[in-house]
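In the part that follows, the structures are each spelled out as structure tokens.
Shared chain: chain A. Partners: chain B in the first complex, chain C in the second.
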Partner chain A sequence: MKNILKVKVFRCDPETDTTPRYDIFHVPEIKNMAVLDVVFHIQNNQDRSLAFRSSCRIGMCGSCAMFINGKARLACRTGVATLGTKELTITPLPNLPVIKDLLVDMDPFFEKYEKIKPYFIPEEGRKDFCSVPEGLKERRLIDEMLECITCGACYSACTIVTTNPEYLGPAALNRAFCLIADKRDGGGDERLRIVSDSNGIWRCHGQFNCGEVCPKKITPTWTIQQLKKRSVFKMMGIHL
Partner chain B sequence: MNKDFNALAWLLQRITAVGLVLLLGIHFWLLHFKTHGEVIKFSDVSMRLHTWTLVLIDICLLIFGLYHASNGIYSIVQDYSVGGNGRRVTLWVLMCGGCVLAIIGGISLFRFLYVAG
Partner chain C sequence: MKDVNQINADILILGSGGAGFMAALHAYDVNPELNIVLAVKGLAGKSGCTRMVQGGYNVVLDPKDSHEKHFLDTIKGGGFINNQELAWTLVTDAPKIVLELENKVGCFFDRGPDGMLHQKSFAGQSFDRTIHRRDLTGIEIIARLRDQIFAKDIQVLEECRGIDLLTKDNRVVGALLLDIRSGEPIVVNCRAVILCTGGGATMYKIAAPSMEKSGDGVAMVFRAGAEFIDMEMMQFHPTGLLAGESRLSGSVLEEGLRGAGGRLYNALGERFMERYDSERMERSTRDQVARASYMEIMEGRGTQNGGVLLDMSHLGAEFVERTFPGMVDRVKDIGKDLAREPIEVSPTAHFHMGGVRIDRDCRCNLEGLFVAGEDAGGVHGANRLGGNGVAESTVFGARAGDASAKYVSECDNVTIDYEQMYYIWQETTKPFQLAKGEDAYGLRNELKLLTWEKMGVVRSKELLEQSLSELNEMDERAKQIKVSGARRYNMEWNEALNILNLITVGKMIAKSALMREESRGSHYRSDFPEIDNKNWLKNICLIRDEKGDMRLYTRPVILSRIKPDDIT
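Moving on to the complex of A and B:
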């Protein structure tokens, strides 16, 4: 006999519903089933109106991040078996406005991302290509942090974002660090000025919630500490 | 708010935290091991505070504690996204309150050196 999963799904259409509700679905479990398979099963067989976002299904695009059993996770990379229970509760990512059901509006997240100028700004006056050899510590640091897929899991887990919606958030600050630490980039000073705002790096209190939920095992708390260090040294007139 | 002010405030918060751990350690050690008898008497405290070194330690403890607490409260206000005016008012209230408490505390300590007993 097949195992049946009891799935509690957050439902809300802000255009028609006055209050959100939870719908319960029963889904037959299959081998190596991911939570994304569960929501697809519900949409295909039980309720076609269920809204959620997904794309690559291999943990690369970051679009299927959801709040699964009390933790922000990528639905495509979360095996049902790893949850250790046959009861699933799926809600949209916290700290972001709900568009419908499990679908959230990522605009507040990307607006902050945009603020830190998340693109490479070539250094002025450089005529030749500049390479950063693979073995260098600087390169290793940046490589590790570049893994971010902007899924928004860290942003949704951050308690400071909850209390202060102006806070830039872990993902944007992590991206800023990647560019500031890159010696080829010419926008470091300006970026450091942006992140040193009172709603920037100083709001992080090192709770490590972002690192706890990151599907790519990045620890933005660490990069934020590095930015604080750089900002303090810059105040003293020392440029790292 | 000036970006350097944020960096300086953050750095001082760390420095005062380390200072507080050391000074509180000294404070507790004095209370537990340098107090005669189990009960702390005013006369004992008064006698101890006739020494410049101990008054200086207590002054540092007072200043570090006040800065650490005031900046901590200001940080919480910022965490809760209080708007520009609210932040400015809080900052001024905390700075003025801190200064007043530092003066009151300082006078009380110096009185032991020059006036009391």
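Moving on to the complex of A and C:
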């Protein structure tokens, strides 16, 4: 006998629905089943009006983050077997507007991301590759924190974002750190000024919610602490 | 249909992989005044396959390596039917594009002890020339390119797919897009279109690419009259993960695993590559290894789940975990340990070498249309080397951006034909009007099975003829797909549109494969198992005729730089 999953799914089309609802679906469990397989099964076989977003299905694109059994996770990399229950509750990522069902509008997330000038600004005059010996100490933390896939899980788990929608949020600040600490980049001073303002690093209360949900094992709380340190030293006139 | 949202632009770019982003950045750099619109089927930089690049990027950086060596590897790997001028452009442009990615775009590639870019071994290459960022290189490349787009005045339309190009005579003058979120059309009137949407390998049962890809660009420009080459050349990557019915199945375990010394075994415990390429063994090219695995499976020496075994354990768990953290992590999702036990893998449909016939500046037979990346053909010939894919998309994306910016400054704007647009939109929304009809998902599954079983790794006249007749029948049925619900973010409707495009691309593959009566590169015919340089040093070309059918013909390969005899 196949295991049957009981799946509660958040449903809402803001264009037509005045209130959201939950629909319950029963889904046969298959081997190696990810939550993404579950929502596809529902969409293809039970209710074709369901909407959600996905693309690469292997944890590289960050399109399918959802709020699954109380935690923001990538649907594609969340094995049903790892949840420890046959009952699933799937809702859209918190802290972001719903477009339809499990699909959120990522624009507020990327608007914040854009504010920190997330793009590399080349140092003047570099003609050849920058020599960076393997394992160089000053790059170690960047290397651990570089692989952000902008899935928005950290943003949706951050309680500061919930209470202050202007707060830049973990992903944007983490990106700012990766650039500020990169010796090849020439935009550091400007970025440090942006992240140090009233909606930036000082809002972070160090709760580590962001790091706990990150599918790429990035801990923005650490990089935000690093930025706080740099910001203080800069105010004191000390250059790192 | 009234009040269609219209955008007027200089350049419309379809796709946000390496090719689309590089095209946008280059066109902007040539002339920041240009009105550039970039439309993406998913979210910008999150849709498509550059992001899914794992292994890395082939580039000549070491003084002991040379353009000639990289070129020769590319041509040998491609079975000598590559367009040699495109291949030469690839290898000679790659170093400057990689420097641009590092110093201008801000990518950071892994370094060696000397502080310079680390280059690892990949299969089918005479030199270790693959730069990388750990074993998930694409994330770094596409995320940094995406960041740069934020800095420029480029209009990005997310979750907007191309439906069809709009043409006047032989000139491309715009495109009709579907805004997936609203379900409404957007019409773009522009001077040039750059097509970078990616291929249709997703039509196969076991496939590697991101799921939303469906050969849209290829099908669109076929309908518009573009000329194609090598459409029979579909690459199967030898090491696709087998994970049962889960969508993880088919995802690629990267080439560097074989490069580093990974071994392949059949269910009898034999290192079977000895029988197929005893010299290069597992480091043979993708076409050879994929076919060898497929033969083992078909001859009953595969695992219970229809795979072979990839074993890394002899290299030491610590080495595997340090060098391939992304792969170890992925395999853990199915409860296995890549560093310590053999993993079941199967060939997986991966990359379409065939595509639009272009010149070095990505121009084709249609005026106003530029094509770069997987949508274009000729660079890789009959088989692509691992690490040459992202090189192609960034090199030729950049060239398309440069060339199109120059082109639009010298041509007039031609207004679109609204009748044409209305007709296309009517066809696009037809699935909602049917009272009853075919089922989109059912048809997709039928297509996946057909392509896998009859036009995949091993082909024959009989199988291909069956494929064609079934595809023709499916095409008729696909026109009768019924879709329900509202148009806003309707996944079923989008699947219906995907299927129509995939069937078109499938027919192009089957027809070209039927014509090529020999085996070369990724194309293997059990009824013509040998390579035939006497008759088939040719490219098969395909174009739409006046009735809308596919017309096929051949062109001799121009051996402008090297001939097969030169290397024997």
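The rule is short, and it goes like this: the second predicted complex is superposed on the first by the 235 of 240 C-alpha atoms of A that agree within 3 Å, B and C clash if a C-alpha of one lies under 4 Å from a C-alpha of the other, contacts with A are read in each partner's own complex, and residues count from 1 in each chain.
Definition applied: a contact is a pair of C-beta atoms (placed from the backbone, for glycine too) under 8 Å apart; a residue touches a chain by one contact, two chains touch by 3 or more.
Just so you know, these numbers come straight off a predicted model, no measurement behind them.
When both complexes are overlaid on chain A, the residue A:N164 reaches chain B alone and has no touch with chain C. Counted by residues of chain A touched, the larger count belongs to C, out of chain B and chain C.
Of the two partner chains placed by the overlay, neither chain B nor chain C lies in contact with A:R21. On the chain A side of its complex with chain C, the touching residues are 13, 15-16, 30-34, 36-37, 40, 43-45, 48-51, 53-63, 76-77, 79, 81, 99-100, 103, 106, 113-114, 117-120, 122, 126, 128-134, 136, 142, 146-150, 175, 179, 182, 184-185. Those residues of chain C whose C-beta lies close enough to touch chain A in the complex are 42-43, 46-48, 51-52, 99, 102-106, 108, 110-118, 133-134, 136, 138-140, 143-144, 147-148, 150-151, 181, 210-212, 243-248, 251, 329-330, 333-335, 441, 484-486, 488-492. Within the complex formed with chain A, the residues of chain B that make contact are 1, 3-4, 6-11, 75, 78-81, 87. For chain A in complex with chain B, the touching residues are 160, 163-167, 193, 196-199, 202-203, 205, 228, 231-232, 234-235.
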